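Take a look at the structures below.
In the two complexes below, chain A is the common chain; its partner is chain B in one and chain C in the other.
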Partner chain A sequence: MAAKPKIAFFDFAGCEGDQLQVANLEEKLLDILEHVEVVSFREVHTGHSDNYDIAFVEGSITRPQDEARLKEIRANAKVLVALGACATIGGVNCIKNFLGRDVYSENVYGTRARWYPTYEARPLKAVVKVDVEIHGCPIDRGEFARIVKEMLLGRVPWLPDYPVCVECKKAGNVCRYHLGRMCLGIITRAGCNACCVTEGAQCWGCRGLAPSANLDAAREVMDQHGFDRKHVQDLMRFFLGDTSAPL
Partner chain B sequence: MAKTQKVKQESKAAPVPGGPKRVNVHHLTRVEGHGNIVAEIDESGKVTSCRWEVPEAPRFFEAMVLGKSFEDIHHITSRICGICSIGHQLASLQATEDALGVQVSEQTLILRKLALHAENLQSHLLHIGYLALPDFVGAPSVIPLAATHRKELLTLIGARRVANDFSAQICGRTTHPQRFVPGGMAKVPTAPELAKLRQSLEETRPKLDAVVDLLAAVLDKVPAFARPTEYVALISPTEYALYWGQVGSSKAQPRPAQLYLNVTKEYLIPTSTAKWCRGAEDTYMVGALARFNVNSQMLSPRAKEAARKLKLKAPCHNPYMITIAQMVECVHSVDDSISLIDKLLTRGVRDEPRPQIKPVAGKGVGAVEVPRGILFHAYEYDDRGRVVHADCVIPTNQNHANIQRDMEALTPGLAKLSEADIELKLSMLVRAYDPCISCSTHLIDVAGERPGPFVTFVRV
Partner chain C sequence: MTAYCLHMEQLPPLMAWWRKEYDVYVPVAAEGGHYDFAPWREGTEIAFDYDLAYNTLKRYFLPPSEDLLTFDLASYEAQAVFEDPKQILFGVHPYDVRAVNQLDQLMEAGAPDRNYMARREATVVMAMEPQRVADTAFWSTIGADVVSHGYDLHFTRISPANFMVEVGSVKGEELLLARGPLPAATAGDREAARKAHQKVMDLSRSNRLNFDWRHTPKLMEKGWNAGVWREKAELCLACGSCNVVCPTCYCFNVSEEADETLKTGRRFREWDGCMLVNFATVAGGHNFRTKALERYRHRYMRKGKYISDKIGELGCVGCGRCVRACTARIANPREVFNALWEDQANAD
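Moving on to the complex of A and B:
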């Protein structure tokens, strides 16, 4: 990669929380900016160029016209990075996929629903090849900085392949199941230091399934603790709607 | 561009300064989400077209929450916006608690107020420093300021980092909080943590003073323009209302949040597919300047002093001054946060049990002030505590029509300027509103003929 690679940010359907996390790097961002050239970052920067090496793309693909734009970005970029849960796994946008297009469209737009082309939300990799994924809803800014550093050094960024439970134990949390609550830490890719559980919630699965996830065992745990299917389904469809994990 | 040149060549009319002009800003930069500005001025200097458009992808949140449990809704709606995720959670929780008849403790109340201050502070500083300031110093973005205005930038960044730490300390995270639950908090900060936070807020005061001075020095870059409109904001007899209160207005009697549909009356105009909001008379403004205009007497003494330094006086009818009002609010937020923390520390922070809530069927409305203005969430639950109807009215949507009216009033006076200057003035106007379009995607929403049971429209 060039000495000072050109980077660009793009967004599709999403809350732009991941780009916010990049802005939230605060002083660290200034250090990163010494090693890259930002050519396109609509959220904070006026001006645009199609000449970039790395494209950071946030958001899910939810409309036919978004596909063309994403393919163009893919063609321009040497490396395409999916930024955050909407881009990596479809994220919360996929909740609507279980409603049926007519239902969600008409619920919002009534009789004029046909004016607004939309289809089921999907992650970037359903449309183009994605080189690097930065997981989370939102992304962890520390992890973003690390992965960017690794990319600039020409390394393949490392991602944990074990579940959140590992980090949750290290954080010293009481297991949510022992508190009578559902939690997806048992099957979700680690890397967040179990931040949601540590702050009083449970794991929602925003970093996607861990490659080593044992879904059969997860189902057993959920059954043993007496969670009904609707409860399991709600949580599995919060972020993991696109995974079709049999839970 | 080619089209513009063609028009220029064909023009046979008497020459006027600059001839016909066309401004077409496709995807306005330094705002959240996608918005376009189109303005055309003919040879005689007449404005033939002047539009604010939003081509953002719709996300269907109001449909997404259908059938979901009251325990999860605020985590889903938080994802409506990465910038105002705290405000969305709190409006959502208020609506749920209103529907289920749940009351929160005083400690929870104070912590939620602190959370709103934290969000206001981080969002306002982002807008003032990263998005608006480049216009005042003639830069395309905040990035070159690292070389030209490093000291000022580091001051801003330092203040913003404190604001983000503040959010994390109260909510568990800076974005998409994890500590809030219906009826209370799943985890509360400890007294030493709060004391430390108080200390860092104290230390931020001189930083904010420096930013106030910085803005005071570039006040001449704020375009002179005024268009009186209606200003709508929460009001409270005891404080500069952010977390709760009645819906106040510069032109109408205060109303309870439950009547929000009467406040955010929507209508269609024949020449546009955009659904606009109508206030007491016409369009209205929400956000920092609206709050300032309605509530300025409730500001802290330091914030009042900042307003004096920044020549901001209520009522101020210049929308470009929204950025300045945000700065005044930053000062107030730090002051009020310190006194709220003192209150907590005096009464003692304690772990309160996670509330056990029995679902009942019901309807509820929540209203909070988020950085960009008043935000309403309204839900109807069935007896299992699952959402039957949902409605969210986002501040930027309430401002769209007002932005359009401002553009209509402003553009004729710009006719003599160059296309680049017109583009800058119009872009700065829209940016001043700090629109958050990624969440308010339904500007070009023409639904409205449907008879609604409880929720007559749904827009996120």
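Moving on to the complex of A and C:
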């Protein structure tokens, strides 16, 4: 990579929460920016150029015209990084995939629905090759900084490939299943330090399935602990609507 | 062994005194009817009758994440990092003291783990006779109900308001007598302590091993192809919970991270676990335990045989934490050992 790689940020269907997380790095961000040249970043900077090495892309693909734009970004960038759950796994946008196309079009655009073609939400990797994924909804600032540093040092960015339970136990939490609650940490990729459980909630699966997730076992666990399928399905559809393996 | 008698009311002033110099950790009630260790403060309600600390105490010697080195990316100079906060763990059950003793041996063998040892040496262990037994525990059936060393003091509640305190080290005695002399334990106190132990042993009759635990290593050796491995491993989530909560699991992974200026960095270690899918993946990407069955069996081999081959005692103290932590309800050394025993009894 050149001495000062040029980086650019783009967004599709999403809330820009991940770019905000990046902007919130504040001092750390300033140090990192010493090593790169930002050519496009709406959250902190005006102006834009098509000359960039690393593209950070947030949001899901929900319209045919998104695809052309994403392919162009892919063609310009040496490295394409998917930023946040909408981009990596489709995320909350995929809730609409469980409705009919007419229903969600009309819900959003009312009588003008036919002017705005929109289809089932999908992650970036359904359209182009993604080189690096930064998971989470929103992304973890610390993890973003780590991955960018690894890229700048020429290392292969590392992602945890085990379930959230590992980090949850390290944090010393009492397991939600021992409190009579359901939790998707048993199948979700770690990396967030189990923040939701630590804060008193449960894991919603925003970082996507762990590559080794044993879904059959998870189904059995949820059955054994007395959770009905509808409940499981609801939780699975929150972030994991695009996975091919509903529980 | 020297022993003293301590009144319940004398304990809080002692704790306050110790706290001037040490971080003091005690068992307290946690969410959902569980218990865990937490820092003692004025007014903290100590759960003297806790059954099991939800999380393992190894975190005080081998924290979940710990810096080992700092380095300079330009000059390649490195500086070792050692931390050794002075701490007192009060109310540690004997099986957990045994787990610490086991870690001491393993961490000292070969190239001594100086980070571990620095923390261990700065820690005072105050053991305590349990008054209750967790429904998942089986320490009483594998000889882990008593411990002969590794503690500085050993408390036994001999009446609602009195403890008999045995001395395990000079340091322990100093701390116990820091606020003034105490009466020596009488023969009656010792008898009351013996009875307290008998009482908790009687409470722990339900989770038994069906054979003498000393046969376990042999049993494991013959049980390599047993059916129990496949049957249980099918349900394994590879979540590592059983490893992480285990007081005798000590595996860690070493990583490095640069700071934001890319000028300096740190090397740190974090808990790892053999139940995680890529635990046994080595350079070049080869994983020598790809199957859930192999990983599941490996963990029990460690507990029942490999550790025993090294130091002559089981690698499991029967605390029952993994049994509780496993949401799939398959982690259970006692059940596995019994299943192997039954298998072999049928085969003979």
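Keep in mind that, in the parts below, the second predicted complex is superposed on the first by the 246 of 247 C-alpha atoms of A that agree within 3 Å, B and C clash if a C-alpha of one lies under 4 Å from a C-alpha of the other, contacts with A are read in each partner's own complex, and residues count from 1 in each chain.
Quick note on the criterion: a residue touches a chain if its C-beta (ideal position, glycine included) is under 8 Å from a C-beta of that chain, and two chains touch if they have at least 3 such contacts.
Source: prediction; values computed, not measured.
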{"item": "Fit or clash between chain C and chain B when superposed on chain A", "value": "fit"}
{"item": "Partner chain in contact with A:Leu99 - chain B first, chain C second, else both or neither", "value": "first"}
{"item": "Where the C-alpha centre of chain A sits as vertex, the angle toward chain B and chain C in the overlay (nearest 10 degrees)", "value": "110"}
{"item": "First, second, both or neither for A:Ser212, with chain B first and chain C second", "value": "second"}
{"item": "Greater residue coverage of chain A in the superposed arrangement, chain B or chain C", "value": "B"}
{"item": "First (chain B), second (chain C), both or neither touched by A:Glu220", "value": "second"}
{"item": "First, second, both or neither for A:Cys15, with chain B first and chain C second", "value": "first"}
{"item": "Superposition-derived minimum Cα distance between chain C and chain B (Å)", "value": "11"}
{"item": "Common interface positions of chain A, toward chain B and toward chain C", "value": "27"}
{"item": "Partner chain A, residues of chain B touching it in the complex", "value": "27, 29-33, 57-60, 62-64, 66, 68-69, 72, 75-76, 79-83, 85, 126, 130-131, 134, 140-143, 146, 153-154, 157-158, 160-161, 164, 171-179, 181, 185-187, 273, 438-439, 442, 445-450, 458-459"}
{"item": "Partner chain C, residues of chain A touching it in the complex", "value": "27-28, 31-32, 34-35, 145-146, 149, 152-153, 158, 161-163, 165-166, 169-172, 174-175, 177-179, 185-187, 211-214, 216-218, 220-221, 224-225"}
{"item": "Contact footprint of chain A on chain C as seen in their complex", "value": "30-32, 34, 36, 54-55, 59, 64-65, 234-241, 244-245, 255, 257-262, 270-271, 273, 276-278, 292, 324-325, 327-329"}
{"item": "Interfacial residue positions of chain A with respect to chain B in the complex", "value": "11-21, 23-24, 26-27, 30, 33, 38, 41-48, 59, 62-63, 66, 91-93, 95-96, 99, 103-105, 107-112, 115-116, 118, 137-138, 195-196, 198-201, 204, 234, 238"}
